[in-house]
């Protein structure tokens, strides 16, 4: 699955996107996946330390942390929007 | 005093402005003056038949019918505003 | 800045004039009133805007000053055309500039509401059924009223 | 019409594009967001707008469609710039066109409120004290909330 990081997620993790092989995505929630990611290193841990500001989109549709990843081909992590 | 007529006041009275000599303006209300004008002919009578839509400005300041004309040098009659 | 004129105006150029070389404006709202070919069920071929010269400019300046008293505006523009207009023509322009969008939006709405009910302009419509002076609308009165007493701005 | 672009836009030309050759538009509201040299107490030399390509356009189109569902709009435009911007630069443009002014004003406010909270754009400010990502504002959340449930539009 393609994993995208925006704004300070990208800064902290140190890359804009990566490819991660997911197994059991039909049972894995966004929250489970965040826990897996947070264990990948210091940058990830810092990026995901405050779950209140971790926003997630599956295939460009915003979802909450309880959503099952399922067949999504792209997941994106980003802080609250500040455009306009 | 310079008397101005706008919109359908001008159409009904048949002129945009006229000069009228006022005596006793320090005691004359706008309402009194309207009654005088209404007696000047059919056009005037038609223009002033519905007092609810007779709006008045003295020296470019909107006033109500009870206002004393006093030292004003210009009086204007017009219907409700419809600009914008 | 307030202007009453027969010529057309350029909304983009007026906005540029207002905000050019400023770096304290965060939001601008430009309202343009356009002439429609139909008003309610009437076909309108020409609309003629009449005004009371002198009082019109004075009323617009007072309305503009009132907006600046109520909202933190950095600048504003009011332009009202007079004379004969055709469908599609621009009639009126209001621009408000502020640090934040809420003030800009509210002040622009306020300017339009008050301009419609407190500035000496009158519209005459001409169409296939002849000429007629436009009646004032109670909805415009209601819109103007909301800015007094317990209005939205409080 | 929705666009995300690095280039500047011309508010007057965009308004012309929207209303040209139409005679059913009576009111247009154009909102422009401008970059300020100061945000709260910080000096900002450069503001960099980042977006999620694809999702940004999708979100803006959905927000625009929602506005057309809620108000009788004849046309609308949303343009959001991305990339580095300098003080005074234009950031975002929203135009709404309707027969009457109330729909145009409300829809423009709605588009800005939702765009700020529901479209994937992020601002980074750079100044003498370094770079920092702009925090979301609770006032923007509140502004967006008023359009749901018992909002102003009901």
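We call the chains A, B, C and D, going by the order they appear; numbering starts again at 1 in every chain.
Quick note on the criterion: a residue touches a chain if its C-beta (ideal position, glycine included) is under 8 Å from a C-beta of that chain, and two chains touch if they have at least 3 such contacts.
For clarity, every value in this text was computed on a predicted model and none was experimentally measured.
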> For subunit B and subunit D, what is the smallest step count along a path of chains that touch one another?
Replying inline: 2
>> From the C-alpha centres, identify the chain that is farthest from subunit C.
In response: A
> Which integer distance in Å separates the CA centroid of subunit A from that of subunit D?
Replying inline: 26
> Taking each chain's centre as the mean of its CA atoms, how far is subunit C from subunit D in angstrom?
Replying inline: 22
>> Between subunit A and subunit C, what distance separates the C-alpha centroids? Give it in angstrom.
In response: 48
> If you look at subunit A, which of its residues touch at least two other chains?
Replying inline: none
>> Residues touching two or more other chains, restricted to subunit C: which are they?
In response: 33, 112
> Which of the chains are touching one another, listed as pairs?
Replying inline: A-D, B-C, C-D
> Can you list the residues on subunit C that touch subunit D in the complex?
Replying inline: 10-13, 15, 19, 21-38, 87-88, 99, 101-102, 104-105, 108-109, 112, 143
> Quick one: in the complex, what on subunit A touches subunit D?
Replying inline: 4, 6-8, 11, 57, 60, 76, 78-84
>> Show me the residue ranges of subunit D that touch subunit A in the complex, using the header's touch definition.
In response: 33, 49-52, 54-55, 58, 80, 91-92, 112, 115-124, 133-137, 140
